[in-house]
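Note that the chains are named A, B, C and D in the order they appear, and that numbering of residues resets to 1 at the start of each chain.
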Amino acid sequence: MNSFGHIFRITTFGESHGKAIGVTIDGCPAGVEVDETFIQSELDRRKPGQSKITTQRKEADHVEILSGVFEGVTTGTPIMMLIWNKDQKSKDYGHIKDQFRPSHADYTYQEKYGVRDYRGGGRSSARETAARVAAGALAKLFLKSKGIECTAYVTQAGPVKLEKHYSELDFGNIESNIVRCPDAEVAEAMITYIDGIRKDRDTVGGVVDCVIKGVPVGLGEPVFDRLHAELGKAMLSINAVKGFEIGSGFDGVSMRGSEHNDPFYKDEDGNIKTTSNYSGGVQGGISNGQDIYFRTAFKPVATIMKDQDSVDKFGNEVTVSGKGRHDPCVVPRAVPIVEAMSAIVIADFWLRAKSNKA
Amino acid sequence: MNSFGHIFRITTFGESHGKAIGVTIDGCPAGVEVDETFIQSELDRRKPGQSKITTQRKEADHVEILSGVFEGVTTGTPIMMLIWNKDQKSKDYGHIKDQFRPSHADYTYQEKYGVRDYRGGGRSSARETAARVAAGALAKLFLKSKGIECTAYVTQAGPVKLEKHYSELDFGNIESNIVRCPDAEVAEAMITYIDGIRKDRDTVGGVVDCVIKGVPVGLGEPVFDRLHAELGKAMLSINAVKGFEIGSGFDGVSMRGSEHNDPFYKDEDGNIKTTSNYSGGVQGGISNGQDIYFRTAFKPVATIMKDQDSVDKFGNEVTVSGKGRHDPCVVPRAVPIVEAMSAIVIADFWLRAKSNKA
Amino acid sequence: MNSFGHIFRITTFGESHGKAIGVTIDGCPAGVEVDETFIQSELDRRKPGQSKITTQRKEADHVEILSGVFEGVTTGTPIMMLIWNKDQKSKDYGHIKDQFRPSHADYTYQEKYGVRDYRGGGRSSARETAARVAAGALAKLFLKSKGIECTAYVTQAGPVKLEKHYSELDFGNIESNIVRCPDAEVAEAMITYIDGIRKDRDTVGGVVDCVIKGVPVGLGEPVFDRLHAELGKAMLSINAVKGFEIGSGFDGVSMRGSEHNDPFYKDEDGNIKTTSNYSGGVQGGISNGQDIYFRTAFKPVATIMKDQDSVDKFGNEVTVSGKGRHDPCVVPRAVPIVEAMSAIVIADFWLRAKSNKA
Amino acid sequence: MNSFGHIFRITTFGESHGKAIGVTIDGCPAGVEVDETFIQSELDRRKPGQSKITTQRKEADHVEILSGVFEGVTTGTPIMMLIWNKDQKSKDYGHIKDQFRPSHADYTYQEKYGVRDYRGGGRSSARETAARVAAGALAKLFLKSKGIECTAYVTQAGPVKLEKHYSELDFGNIESNIVRCPDAEVAEAMITYIDGIRKDRDTVGGVVDCVIKGVPVGLGEPVFDRLHAELGKAMLSINAVKGFEIGSGFDGVSMRGSEHNDPFYKDEDGNIKTTSNYSGGVQGGISNGQDIYFRTAFKPVATIMKDQDSVDKFGNEVTVSGKGRHDPCVVPRAVPIVEAMSAIVIADFWLRAKSNKA
């Protein structure tokens, strides 16, 4: 299924080197003011060629809105956003069209469908996430009007980790460096590390953290569509993601219940809050009004600039050679994708929650 | 939404202390032989009161099939499985009906719906997972006929970890001890640890690993319904789960692409395989024919036998007192739940894959 | 799929002669007051054995609510309603188990699934509609609190027609006769006609009209989920229904646009209304605030008390013999089913419309 | 929801006078040969300006495939088809932007969303059906490879009716006249009638019949997704449709069961067939292998070339003036739309039926 969401529902299409990619957003409420400059700026955060630590491929990724917006606001009808692919025609793929690149989707798509668009990974390319960023930008505009904000940033690149709690960070610094880590010192170490990896024609993984502020109590649905279950699915559906944890996550395993439980208290304004937030803002699958906090693990990019052993679709042993340009570490460009998908999840649950009470 | 799955679709209902809980399974193919003894035995693996390290509450959890099975086989129509709750009537809940227990769903349900069944956690109770185990048992029976098997086991309880790779383990040992860890020595350490926690009237978290063998190439759908995204959602929808990782997971982050990529080769029977499996059996969101391998993190159970500070629904400060019986560590009983949900995911994708090719 | 609805979503299960039938209602808002007496009374309107013109089979159809209701109100969690089948065990089906009764679903189920529960039609029996009536009763209770009411009644039984416009009828008379036609004189003619058919061991079709009052402007979704498209699907999913029309329906075909268009005007209270209602209360697939009006055609019941030629599953020519009890005309008992399904459709759209505007 | 279908799932977007309209088809199996000339020819059958009895507006409706097709075949990934709108910019809508045209969707959209694209009816325009025809053409190509064919034709235009049974007609004649009625004589009468209506600046309704041949036994799902219930929804979701009937439909109401039941027999090749087909090829909601036969009623087009009384959005009384070009009768252009939607329904059920048996 190339759709996601129950009320705020997106459907993406397009292959890496086909004519275009895009997204249709169904179920966005009418009356959302559409700031096209903002939407384009979100795509610019994801596009290749931004810095020395991302792929040097240049793509403009210009987004065009074809429907659903009239006189600057959404009309309640589907919003179609289109991004043309440039220069998708000419290249010669003869050498790779039958090869299965290690840890890519070449083999699985070929077997599943009996046919595949081998140009640049086709549908399995991370290029598809540009469409998600466009849709997510609209979700962000909607959420902003409700006082909700999704902020992601890099906390690990290879072995280089940011150890601080998010409350100690200044999110205003995220965009101030090319790796999108809000701590300048750690960012510098990450950049140095990634640049070394790049020179080594290799790749490395990373972690993107995300904090969602302003979420009201009551989003998320029992029992399968728990808020963090949908967030988890959304993150795990992003290319290269291999892990997801919310709140205390894997580290919470060795804690005791008496430490891990988040005591409720009433603040001076009469609001019910918790003194700690190991729950990550979600209890029983439903938001509790505290910050939602989760982490997403990205594996090293499969495209490396080295020769690798593999087989082709006829079962012959082949050498897959690495050439051209690549992303040594995907997390700097993944930041807007994580934000986009989380905004889509929250927007959907915000709308679903409208029918909780008679 | 209390439903899960696209073709093989389950819908659960029921509150912890209501009249009954149960599940309707829609989309199960006709002709599956229904071994009711097996289904009951799966419920017995989940039921409370099994050993000294689980809650001492006794529930028989007898499952009854009310529809969809005729002369021992499924008919293609919905299969309804019912589990009556015992002794749900008498108890006095006066002392807790307005209290919000820390890290439970009392507060979030109350705010979301304006009303809640406070008896034993109502719908948010892990009792709901008994219905999933019943449905999962049916999915297992279906998958078994296709040569697919889902096996889960405990690899961590609090700080006690099983460090071995799954290929070094004998899955035949899983049911030989009460903690469901296939390594006897580590199991013993886990049991000792959990029993200490229990005596301390506290709780602790744990990790359940799962290996799925026999999955053909081609299960999973682009781009949102990736196989591991649905598995992740399924796991994160289980009570107390805070993390999910597939294959290399969070550890893969610091690996290089040249290490992490799984090289393809052709075995002597002409089958395409990979020499390593950091992908965890899924590439591009689609099964590649290797073992599917994932891990699920459970937080410490929120119900502890200690007094805790909290507030009630009127905003008064209250002490939530711990009494009665509790599970000091949920993972031994979570093993069949993880297996059940993974079987449901795989069964659904198996059926979805039938329409891949014209 | 045995589910219907997008937010207010019902899932039914059960075979005619299995252990039980029932329905799970997901997405009903919390806080709806549940009048169990009313729900039972709706089932009583549908049950067999009510009068000489319905089947003489006696079934109590007692409904039991197993979840989702606490202290008399809905809690936002799934509401499970169960109806046990009585005396489902003993009977001998040897003579019909391999036969394909004409215009029943015996043949199609057998071919589709390779197996079928042949007892009383199994899943294809109209007995399944009892579960819909239970769910519809809850939808009615919800709608009543919003000022919306669905009223169905019989306008044709065989060739006997009620020719009056609904505005000329007193809906208070519907339950005053056994055929559920609000015009006493026509009702009498229908009863006489049906009774003759019954004595002739035959059956006949009929038409049920339905009027929904109090629907606000704005229910229904572009473009596939038009209000009347969902109503049509809901009606056509009822056993024996072969036709559906809204507003002017098939008769509107020969009208001119200048006659058929419904002119808008503003009434003395400032409300926008239409002077005619050929649209049947729906324009562009969305309710316009006028009465919703539609008609549903039921074919003659396939079970007749006469011998019929057919084949069995081995391809042998057989005589299907008619014995036992039957409904000579289904429409009197179909009235509460039509109301139930329309209430479910409207409840679902009412909830969906809550997210129209930002 | 702007999506339709469960496995073969289409999502349309676009407004009448926006930049473009289009459709994304998800779930089409890989390996379908895509004959773009055929797809375009289907759009040409729907396009305006074909003859004197359709609107004189000229639109090329050129369809472009942007994804999901590679080297002439489908790849299993979403197929996006785009149709640019021409000349959508310049026109002055000042006079109608606040008016509610009678029996159009102006009022309902305005109230539902609080905002609307008033240009040419926006999303509610029948222009959206061009996207359905494109998707339906692909469904037809898929079905053709399975030996299934959907054929629609006009049987009534205003009061002029074709009374013959479909078995007496030569479908090869359908495209031989501009009204798409396979009987030359009746076609002539229809054309004369419609041309008179056109000269009178008025409109009239009509009926489109459809026959689907080659459908195997077993398509359609219990109990809500009956084959004819989905067909009915599909038809009722087409602009201007007010009625749907399958097989005997409304006429079957006055038949007796003993006449209406379709007796089974075994033909000389050992196939089970029925001697009559009042069921219209569907029994118990599932195809029985006979021809599927249904009828769809279209109301007169709401756009007439006459002045009409109405109100505007401020509640003022206004005169809506008819000018420009219009379709005097929609059914000739509706023929390919009915075929398209029926092909989409059958393709979806064909794929769904693949998981009936274990």
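Basically, a contact is a pair of C-beta atoms (placed from the backbone, for glycine too) under 8 Å apart; a residue touches a chain by one contact, two chains touch by 3 or more.
Remember, predicted model here, so these are calculated numbers, not experimental data.
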{"item": "Both-way neighbours, i.e. chains that touch chain B and touch chain A", "value": "C, D"}
{"item": "Which of A-C and C-D has more C-beta pairs touching across its chains", "value": "C-D"}
{"item": "For chain A paired with chain C, centre-to-centre distance based on mean C-alpha positions, whole Å", "value": "46"}
{"item": "Whole-Å gap between the CA centroids of chain B and chain C", "value": "39"}
{"item": "Chain C-chain D separation of Cα centroids, rounded to whole Å", "value": "26"}
{"item": "Set of chain D residues in contact with two or more other chains", "value": "1-3, 12, 27, 30-31, 76-77, 109, 112-114, 123, 222, 356-357"}
{"item": "In the complex with chain B, residue positions of chain A that touch it", "value": "1-4, 6, 12, 100, 102-105, 107-109, 111-114, 123-124, 128, 156, 158-159, 197, 202-207, 217-218, 220-226, 228-230, 232-237, 242-250, 252-266, 270, 272, 274, 278-280, 283-289, 297-304, 306, 308-311, 315, 317, 353, 356-357"}
{"item": "Chain C residues within the chain B interface of the complex", "value": "1-3, 9, 11-15, 18-22, 24, 26-27, 30-31, 64-68, 70-71, 73, 75-80, 82, 109, 112-117, 122-123"}
{"item": "Of all residues in chain C, those that touch chain A in their complex", "value": "7, 27, 29-32, 74, 76-77, 142, 145, 222, 351-352, 354-358"}
